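Both complexes shown next keep subunit A, but they swap its partner, so subunit B is in the first and subunit C is in the second.
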Partner chain A sequence: MKLHPFFFRKNPENGKIFISNQLGGWSFLRDETDLHTLIAAPSELSDLDRLQAKGFISGSDSGDLYERAAESKMTHRFSRLGEKPSLIMVVPTLRCDHNCRYCQVSRAPLSSSAHDIQLSPQAIADFIAAVAAPKFKLEIQGGEALLALDFIYALVSSLNKLRGEDFEVVLCTALGPSIDDRFIGWCHEEGIRLSVSFDGFVDLHSKFRIHSTKGDSATRFLEQKRKLEDAGLSDNISYVSTLTKEALERGPKDYIDSCLSLGIHRIYSRELSEYGFASSTKSNLGYRIEDYIKFMGSYLDELIVGFNSGEDFFDYTFSLYLTKLLAPDASGHMDALSPAGYATAGFLLNYDGRIFGSDEARMLYESTKNERLTIGKLRNKEFELQENGFHQRLLTESFLETSSICSTCAYLPFCGLDPIATLNQQGDLTGFKKELSQCQLTIGMLDLISDRLDSGALTREMVKSWI
Partner chain B sequence: MLDYKISLGYTEWVVRQACAWTFQSTEFPKVSREEKSWVVSLASGFDEATISLLERNLNEFRLREIIDLQTADLRMKIVNHSLENTYKSMKE
Partner chain C sequence: MDIAPLRVDTLFLESTRLTSGLYFVADQEHSLAPSAPNINTLTRLDGSVYLDSVDGVTKKIPDLSNIADGGDILMVSSNGSRLRTFLSQRSLQNTILVTEACENLCVFCSQPPKPSGHIFTESLVALRHFSKACTIGITGGEPTLYWDEFLQFCRAVSKDLPNKNFHVLSHGRNLSDTDRVAQLVETGFFDKSYFGIPLHGHNSKIHDAATQREGSFNETVNGLINLSFCNVPVELRVIVTKQNKKFLRFLADFITTYFDHRNFFVAFMQLEPVGWAKANYQSIFAEPESVADELSLACENLQASKFSFGLYNYPQCHLPLKLREFAHRSISDWKNYFPQDCGECIKKHDCCGFFSSAIGTRLNRPRPIL
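Moving on to the complex of A and B:
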């Protein structure tokens, strides 16, 4: 019997030993005694077949099979760096009609004339068509994307001519600006997805997302939501929520009930950002990461109870971790890859022509104006690379296998860190990763989810219906 | 207690990894080797909970080291072949 490389961690949720390996296989051992037995005398374990099937041990005649499978997995992961980016983010304007207290971008006032993109839609379409993956997602961010609709119509039209139906379009919006029939018809025709900001509770949405011209922001959101639904666009809308301390204090049951009362069955909730204005307001609106993880544990249990009683509600924040555990190769979330997805899985074109390796790099640039964060600049049709070694080092530091802190972590096969977060929170690229909020969140969430999967509370049937 | 002594039976890698997972970066201890033991020194001293966590981490990293001793050759072989394959596919 041959032992293969593996990682382990005592899960604080159930006291069992979580084990994982380079194949992305994972399992639980009952206790430390079983862990010692696996290391010293694996053939004495009672569930040999399970451990063998998951690649933790092999018989003397099947060792090469593990080696080839592990090589293939690792080669696949590294080879991704040679592929073209599949997430193209464009910021046509930094202007915004909301004044959110936890905004992660340094937004510009509505009246500003200096914060709209000056490049022509055709020049941008030519650039994107040349550098994007065969199938890609075009994500229009802001500011408020709907303030730049003429530009967006022209960009999508130009890209259609160059790339046909090879791409999907997502508009990120808080639904403040007016919506007309042309926009509705265009959404239908192009199959546009709308990623709409809504914070789950109507009163908290009003309190933290202040609309500059249209009065109460939640009333405006509900009016616009109704308009889109009446126009038959319900299936095109997804909701994104930012959780504040007050939302956590109300608890997950109230959160779910509030969403369901508005006809929202799917939402993506995220913690307060560490960037832009959010970094300064976090002390008032924020919470400790352990309190957030505790909330997420109760939230997951509520989702399970809801599913078992026939309720149709899910939060996509769990899908990232579920996918990592159940199908590690299928997860392409660019903030959670090792090596990082920075500039390789996606990039962002800012309103001023600057190109960033990720949205987080743009956010950090907007608050620091540090030019090292810029990969290059698009001027008319010419792309000027501003490579200074910084971005290469950033990618080098993102191989978690080479991090002395991460290389022994049981969640390494399922993890990936945003390298800009290390720079933002700790001021350098290597960092002390166990103190990063993303590291603590990943460990906490995988502890929760692996425990619920192991106990049988969370079933594959639930996951299949949710994702 | 300002100094905590650890047997030299533990390697430097195990001692330093255990410290990395026990202490915050803001209060990282000094680690030195004396004739008969490793000495972990902290100006503010150690409470019982910290010692308990450090001892648990020492044991866990000792186990990780044993796993590594048994499987390092295979792991290196996998990494080297994967890198070779990746370079080859990128050249093509």
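Moving on to the complex of A and C:
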């Protein structure tokens, strides 16, 4: 019997020992005694078939199978770096008709035309067509995307000519601006996805998302939502919610009921951002990560109870971690890759022509104006690279496999990081990753999900219908 | 009465004799590829009259149109009295059995190995004259057993036959040698091929017992890892038997842990009682009821890890409800039949039916879904 290198961690949810390895295999041992047995005399454990199947042990005749498989898996993972980016974010305007207290992008006021993109849609389409992966996602960020519709129509039309059907389009919007028939027809025709900000609770949405001209923001949201649904666009909409302290205090049951009462069955909830205005309002609206994880734990349990009683509701925030645990190599979420997806899996083109390696990089730029964050600039048709070694450095630091502490973490095979996080939270490229909010969040979420999978509460049926 | 149809691919000649070897069937629309080496031809002159290029004699072969069209390649038996389709324009799946020899001795082998040479040279000639764009199955025996000849074949088809792709059914053991895999990469064959490789268990104990060859598990898995490095698509074949049926979930875990979901497709297969599987039927056949739960767990594990998979040779009524959508109608219509009880079954049209070779065994017992 041969024992292969493995990571371990005591899961605070159930007291069991979570073990994992570089193949992405994981399992639980009952307790420390079993951990000792695994190390000292693995053949005495009762669950040998599982441990063998998951790459923890193998027969003494297995040669270097484990090492070669690990090499192959790692090669596949790192070979992603040689591929073209598949998430292209464009900010056509930083203007927004909402003034959210937790805005992460430092939006610009409605009247500020200096915050609109000046480049021609054709020039941008040419640039994107040249650098994007064979299949890619075009995500229109803001500001408020709907304030720049003419630009977006032209950009998508130009890209259609260059890249046909090879890309999907997502508009990020809070649905403030008026919606006309042309927009509705265009959404149908192009299969546009709308990523709509809605905070789950009507009154909290009103409270934190202040609309500058059209009165109560939740009333406006519901009115616009109805309009899109009446136009047959229900399936094109997904909802993104930012959880504030008050939402957490109300608890997951109320949150789910509130969404369901509005006909929302799928939502993507996320914690308060560490960027933009959110970083300064955090003391009022924020909470400790532990409290957030606690909420997520009871939230997950509610989802499980709901599923078992036939309720159709799910939060995509869990699918990110579920995918990481069950199919680590299939997860392409740009902010959770090692090495990072920064500038490799995706990039962002800002309204001012600046190119950033991630959305977080532009968020940090907007609040600091530090030019080192810029990868380059697009001027008319010319792309000007502003290389200074900084971005390679960021990528180098994002190899968690070689990062101290991370390299021995049981969740390493399922983890990844936007390298801007250390810069933003710790003012340093390397940072002490263990103290990043993202680290605590990832550990907490994986503790929860691995426990619920192990206990059998989270069934394969749920996984099948949710991810 | 249950009658199983037989595939017509062989023709027995009465008084006429042909020369042993490969023949190209020529007619007004189909003539030999000019750039390829010579092959015997049967040129259709009028109705059932053909001109044999070997002796220049016109011969009457009345039933030829039952088994062959113009452009097909036929093989004539050694005594010249029997004709068999070698490559057929009509067939959806042309497969060449390149050798009957194999290093493994799998207890369920449908084509038990025997000492034999190979027909790579002949196959290549035939393929050069076969115009249809298609995927050709290369099977055996073990196609990689005669490595140098296999390699030469791969080099030639990669260079000269752009309209053909290949599916190689192999035990994968020879691909554990990285030098050999490097040779294969160099031929360009991987750009136009995928490999079907059986894996019977998550450890050497189970796998090697099935192949009756010690060390085969390690070599096969190493071969699979090498293919994974080369991004070659692989169809992993799992023959479900009494011996591995309790371990299918672990096999699924092993696959998701050791291999990459982008390149691997997992095929669970019910065994066909022919060859050694027929001889060993009692000791290896796993009753469908005894497999259902474990098979479900295995499929769920694969699905959660984003691996594609399918179930082959499983009649719909042998599977639990949730697995039925993954079953393929995999038994060819010349090999399958539907017993009388299937008459009223609502799933008949989605069903692969039963092996006609299984008549009289427990495998053919239907449980109609009404």
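FYI, the second predicted complex is superposed on the first by the 466 of 467 C-alpha atoms of A that agree within 3 Å, B and C clash if a C-alpha of one lies under 4 Å from a C-alpha of the other, contacts with A are read in each partner's own complex, and residues count from 1 in each chain.
Please note the rule applied: a contact is a pair of C-beta atoms (placed from the backbone, for glycine too) under 8 Å apart; a residue touches a chain by one contact, two chains touch by 3 or more.
These numbers come from a predicted model, not from an experiment.
J.: Now for A:S455: first (subunit B), second (subunit C), both, or neither, which partner does it touch?
T.: Once the two structures are laid over each other on A, A:S455 reaches no partner at all.
J.: Between subunit B (first) and subunit C (second), which, if any, makes contact with A:T213: first, second, both or neither?
T.: Neither: A:T213 stays clear of subunit B and subunit C.
J.: Contacts for A:F78 in the overlay, against subunit B (first) and subunit C (second): which applies, first, second, both or neither?
T.: In the superposition, A:F78 contacts subunit B only.
J.: If you stack the two complexes on chain A, which partner ends up touching A:L65: first (subunit B), second (subunit C), both, or neither?
T.: second
J.: In the overlaid three-chain picture, which partner chain does A:V463 touch, first (subunit B) or second (subunit C), both, or neither?
T.: A:V463 sits against subunit C, while subunit B stays out of touch.
J.: Quick check for you: in the superposed arrangement, does A:A330 touch first (subunit B), second (subunit C), both or neither?
T.: Only subunit C is touched by A:A330; subunit B is not.
J.: For A:I39 in the superposed arrangement: first (subunit B), second (subunit C), both or neither?
T.: first
J.: Intersection of subunit A residues contacting subunit B with those contacting subunit C?
T.: 63, 75
J.: List the residues on subunit A that touch subunit C in their complex, please.
T.: These residues of subunit A touch subunit C: 23-25, 49-50, 52-55, 58-59, 61-63, 65, 68-69, 72-73, 75-76, 326-327, 329-330, 460, 463-464.
J.: Across the complex, what residues on subunit B touch subunit A?
T.: 17, 20-21, 24-25, 60-61, 63-64, 66-68, 70-72, 74-75, 77-79, 81-83, 85-86, 89-90
J.: Quick one: which bits of subunit C touch subunit A in the complex? Just the residue numbers, please.
T.: 202-205, 215, 218, 221-222, 225, 228-229, 247, 249-254, 256-262, 300-301, 303-306
J.: Subunit B touches which residues of subunit A in the complex?
T.: It is residues 3-8, 10, 22, 35-36, 39, 63, 67, 70-71, 74-75, 78-79, 81-82, 401, 404-405, 408, 432, 434-435 of subunit A that touch subunit B.
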